[in-house]
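Each structure below is given as structure tokens.
Below are two complexes that have chain A in common, paired first with chain B and then with chain C.
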Partner chain A sequence: MRNLRLVRRETPLAGGQFRAVLVGVVIALLVGVILLLATGNNPVSTYLRMLDGAFGSPRAWSNTLTRAVPLGLAGLAVAVAGSMGLWNIGAEGQIIAGAIGAAWVARLAPDLAGPLLIPLMLLGAVLGGAVLALGPALARARLGVSEIITTLMLNEVAIRIVRYLVNGPWKDPEGNNFPIAPEIPDQAKLPGLFERANIGVLIAAVVVGLFGWLVSRSAWGYELRIAGSSERTAEYVGISLRTKILTVLVMSGMFAGLAGGIELTGSASRLVEGVAGGWGFAGIIVAALALMRPSGVAAVAVAFGAVQIGGLSIQTQGVPAAIADILQALILFGALAAAVFGNYKLVRGEPATTLDTAGGAA
Partner chain B sequence: MVNLWPDYPWGGPATIAFGAYSRHGGTRGTLVAPAQGQAVELDNIWKRFPGVIANAGASLRVKHGSVHAVLGENGAGKTTLMNVLAGVYRPDEGTLKLHGEDQSFAAPADAIAAGVGMVHQEFRLVPTFSVTENVVLGAAPRVLNRSALEDQVAALAERFGLATDPRREVWQLSMGERQRVEILKALWRDARVLILDEPTAVLTPVEAEELGRITAAMAADGRSIIFISHKLDEVTAFCDEATVLRGGETVAGNLAVSDLDAGRLGELMVGEATAVSQRRVRTTQPGASALDVTELRVVDLHGRHIVDGVSLSIASGEVLGIAGIAGNGQRPLADALAGLIPSTGSVQSGIHDLSSASPNERHRRGLSYVPEDRIGVGLAPRLSVADNAIMRTYRTDAQGLLIDQDKSVAHAKDLVERFNVKIADLHSPIAGLSGGNLQRLLVGREVDGNPTVLIAAQPTRGLDVQGVAAIQRVLLEQAEAGVAILLISEDLDELLALSDRLAVMHEGKIVAEFDPDKTTRGDVGVAMTGAVHAEGASA
Partner chain C sequence: MNEQTLIGLVIAIIEFGTLLYLAALGELIAEKAGVLNLGVEGMMAFGGMAAFWAGVETGNPWIALVVAAIAGTALAAVHAVISVVLGADQVVSGLALTILGLAMAAFLGKDLVSKPVGTQFRELDLGPLSDIPWIGETLFSMSALSWLALALGVATWFVFTRTSTGLALRAVGESAATADAAGLPVVRTRVIAVMIGGALAGMSGAYLTLLLAPGWSEGTTAGRGWIAVALVIFGAWRPGRVLIGALLFGGLIALEPRLQTFGVEISPILLSMLPYLLTIGVLILLSIRSRNRPSAAPAAIGQTWRREER
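== the complex of A and B ==
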């Protein structure tokens, strides 16, 4: 194994990453078989149960789709920025900011009618995400400060703010001293769609679909892709990079904020510290698996959601939670690791030691 | 034998001398003693890529201490064969011997360790590192003493006439200067076999002659130089022997360059006689002035005036050539005229004052730009042919927010057909296209909107014979159609053939202007060195 190393393919693998990812998932499932056998579980029935739990019934579908909503919006946030070569690592914090924004609207106008209140709360969520992304966007566009660092660090800020709110001014007096905010009014909750899914699924589908389409088809998206390919080419064509960077990063924050709003008005019903649930970080994986193409985010988000929901459902069958988590991690790891082989291959040989090697193989 | 080689800072190189050869007679050295052995023996090399056989049994033998030309059209397999020798590619079949010993390179590091250095066409330098840091990267002594290293690099550079400041960062350097850094890198690693992949593509004639002296000196030191080129005059001037590739095969090996002439070489390379170089034949008189530039200045980050008060005017239908050694302000001049970098002074095009106009507005007013850096500025490498074709038209062709897909594909098809771009698929990324096809696409797109002014920076650099001819033909057609053309080139023959007037830039200024019909390469070359400040300072 020591003399195996990765070498960039002279031409990308035919059929693209999709084939590689599929192979990676299959390998992960095979490794999972060993794990399940070793722990005394029947691998066949476990995998069937996973599939059934994710897609086997309308209820399963509703769970999977509900889970895909924050994953898809966070993935879109990362992928839209990524199409331009920008890295928004702050979707987690922006989701929190969005949930705070939505909760704030509900606190300010708790008696508004639902059809008015819900759109206002979602607007508050979008603005919340935008506000958190604005600082990094301005710093990047005006001063060239790396957006990776600033967006990442603002996650911590957002977590501290929500922690302060639910422990302090917004703490539910009837919450038995738990760090939670009061439940939002009933009319502020998103109407159901089918089974456990609410219309948040539709909202997310429209937003992800629309922007995926805009990035690949609109003049705006075209300029984004030029800038992502080469900033100097964008300047040559007369695209204002500053404006583009600013709008794209703020927009990215808006998508993540919307995810927070839907989460609050949909499943969560009240502001809690863990409202973002790690979906902001999972969004990076979603975007990476979609190859940073917003048009691919929806499908990846549903598949990712299915893995999570399937993992949960086998726990009801007696598979320990730890094993279920390991299976989920294996599948994601397999998919991500395999995606590399679309562009790289393993070869035997002496390990690369000089920079010239890396440059020469490019 | 004079030892041209400095002692190595980290404990001395293997000082191998392959026999004491001496050269006589200026830059065009002739081997006095016959070479005893082969430095490089590549035999029956096959290398296949999906859909392409790049090398189909190619062979190459290079004698010790010689300068060996490898000739061939773009796509003849030269670069692939060199990449095999440099350890970048592993051949599917075939054997490789260095100094008589079998070699099998798993990585470029192996080739470097075996004494093979390669200067690629696209430079592999770290832009934010200094010259010294780039040169010693991966081959530095254990204890770093920056100023000592800088002195050693400077000494090495000076010894071989590779004028460069070891403290400057690479991003500040012109293409010609970057090439010198690449050569220094190979020399620092004590390359016994040095591959130069189309080295003169980025050089002026004066710099090319310097390179000839450098290669001669290295060969006299027992090193073997492989010199890839398209140009016969360079080959006869700098090289001892030549190997010609065509279609991935060696069609002629170890020809003595004295036996070569243009007709025979052309026949070997393309299988037919090459076309005579085109020459501007006026059928129309220049019209009204289309571009008037007054006192244009560009200041770089260090406060230096890299364009220093340039004034010029070009009439419609006229070609103004700009000659100069790389790094004398040609590139910032072009960028400033296109509005890509800030400048002071006045830029007028007809009735329009473009002095402070955005790149976009300049283009709307009829100013097209073919930049020197095709793939990093003029084109977006990760986007498709169709996407690259519509860069200048998508704003006006858009239907509301959306790009009109049918129109964009039709536009791309039209460009591809009219300018003879060879592609497999309009929707695949352009990154895989050859230099000639990229340039046909770029030039085609830039002249498509009937510009009034065309700025063409190094439009034919690195292209094969047909590519050069195709681009030059387009430029001449545009001039005949009344476009004012600013042609910046490092190919003096091209400038003399195409220009109506020829200006020379030196240190940011226009120092001389010539009538191409009444001057010689020599006169222009002298002006390029800055030796003569004659014939008025404005063009």
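== the complex of A and C ==
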């Protein structure tokens, strides 16, 4: 054990992140088998049922795609910040803020026609997410305060704001004393697409596609990545770091906010405390698996949507839906480890001298 | 407001303070070694579930406490291997650990939800000391775990400031490359620090499910793990200040259900935001202050280190 150490491979293993994620999936499924056996469940039938629940019918597909929407938008939020080396851990709170923003618009103008009300609600959602991201963005850009902790803390603040609203001023008087806000007006609900899916799926696909293209192809995205890799280079070529940090973090909040808006006008139809459903946190895993590339976010989001919907569909068999979260986390851990072993190899023996190892060859 | 309400408040402050202090102390130790572990909430939940299970099985709170510490350590080991040994990103790994811990607790604890409490910690009777008015009913009636938390805090302070082990741990957290050049085992130190942190988070979970809110249900940690992460910053990475912070934040939690009794017309939900907002405020103050003096944060926190790449 003592003699083992990691040495950089001269050429990384082929397959890159795809191989790493695949390894992660295999590891997660294997650990899942152990957990399922230990709790007296049949792993094969459980996995088959999950697969069926996620992809087995048009309705299953519609559920999976609907769940992929907040995962993809939260993943995009994290990835856009991540491509500049910034961490937005606050997507969970920003989804809530977005849902609050959308619900607020519906409260202010409940009689507006749908084609006007829905865009305004989504705008409210985007602004809600932006407002929650603004503080950490300013603190980071102006004072250099780490955005990791500030965005993380605001999650808990946002949860309590929505808890306050649905228990107090926005509580539904006809809600049998449940902590829920009144249902949004009928014309405020997103038009359907197929089965349970609504056009939120298309909105999210367009947004993720468009901004994925912007980050990876446009001059703006190029500047972003330069700023992320080296502050000095960025300043040398005249990129204003402060402005970039501010816009990127606020924009990140907007994407997560939009997810909250689509959730409210789509599947949720009323504000509740659990409106963000942990998807903001899952979005961080989605973005990490996609290596902060918005282009990869969509694919991972659909896959994770399937894992989550599959997890829900086995609840009727008495298997806790938490198995989905376990699988997601294990996929990430497995992929992180596999990615390291793609670039490094384990060798035995002490390094001869510092000079030898500095070159990376063993 | 009568004497009994006030004594009840002080007891609650000590109880919530203990819960937060145990977890925050663990996070402090990991961060001092340069490893941010955002998995506290998950380790706390997993430890709490494990403790409750062990309590039901054995009926002995101390065995349950040990089981919780082992459970927390086991989860922390995942973070240690992924982020320290293999050098993956600490932020992602820690957050995934929270998701894993919460989910494992929910999954394995499914059948515990309806179970009656197997055992719980009780207040410690210190004989005549406990009969002293006021102090006897509060300080000298608190559970052994509160004393343990206090002792661990003093021990942490002592190790950090008075021993070479503490110096080595802090050196690793300030600059891994320098510590390595001085012959200190960077990876081993960090792994051990993270695992101690996990043990303490697990014990904090045991305190929750065996004393503060006996029983097990999903969501019983209710974001307290995040407060523990906040406390480390709030207390500027010092065991003493973190204790003061734990009592302050614990006090805010203790006040929540009592606001109405005290005739305050603020929603307790709004009050519960304060720890998080105060922490953001402290972060901003720290950064303004650190413009002309060194930052309180361990310099190497969040940075992965590989010997090959120094």
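Remarks
The rule is simple: the second predicted complex is superposed on the first by the 286 of 362 C-alpha atoms of A that agree within 3 Å, B and C clash if a C-alpha of one lies under 4 Å from a C-alpha of the other, contacts with A are read in each partner's own complex, and residues count from 1 in each chain.
Just so it is clear, contacts are C-beta pairs under 8 Å (C-beta built on N, C-alpha and C of every residue); 3 or more make two chains touch, one makes a residue touch a chain.
Bear in mind the structure is a predicted one, so any value in this text is a computation, not a measurement.
A simple residue count on chain A separates chain B from chain C, and the partner touching more is C. Shared-chain residue A:E235: touches chain B; no touch with chain C.
Look at A:N167: by the touch rule set out above, it reaches chain C but stays clear of chain B. When the shared chain is aligned, chain B comes close enough to touch A:Y222, but chain C does not. Legend: residue contacts after superposition of the two complexes on their common chain; A:I149 is shown touching chain C, with no touch to chain B. In the superposition on chain A, contact of A:A139 is made with chain C only, not with chain B. Counting contacts by the rule stated earlier, residues 357, 360 of chain A appear in both its interface with chain B and its interface with chain C. The part of chain C that touches chain A in the complex is made up of residues 36, 38, 78, 81-82, 86-89, 91-93, 95-100, 102-104, 106-108, 110, 223, 226-227, 229-230, 233, 267, 269-270, 272-273, 276-277, 279-280, 283-284, 287-288, 302, 306-309. Interface residues of chain A, counted against chain C in their complex, comprise 5-8, 35, 39, 87, 89, 135, 139, 143-146, 148-150, 152-157, 159-161, 163-164, 167-168, 278, 281-282, 284-285, 288, 320, 322-326, 328-330, 332-333, 336-337, 339-341, 351, 357-358, 360. Residues of chain B touching chain A in their complex: 49-50, 83, 86-89, 106-110, 112, 124, 126, 137-139, 338, 340, 358-361, 363, 369, 371, 373, 375-383, 387, 391-392, 394-395, 398, 401-403, 405, 432.
Those residues of chain A that touch chain B in the complex are listed here as 10-11, 14, 214, 217-220, 222, 225-226, 228-230, 232-238, 347, 349-350, 352-357, 359-361.
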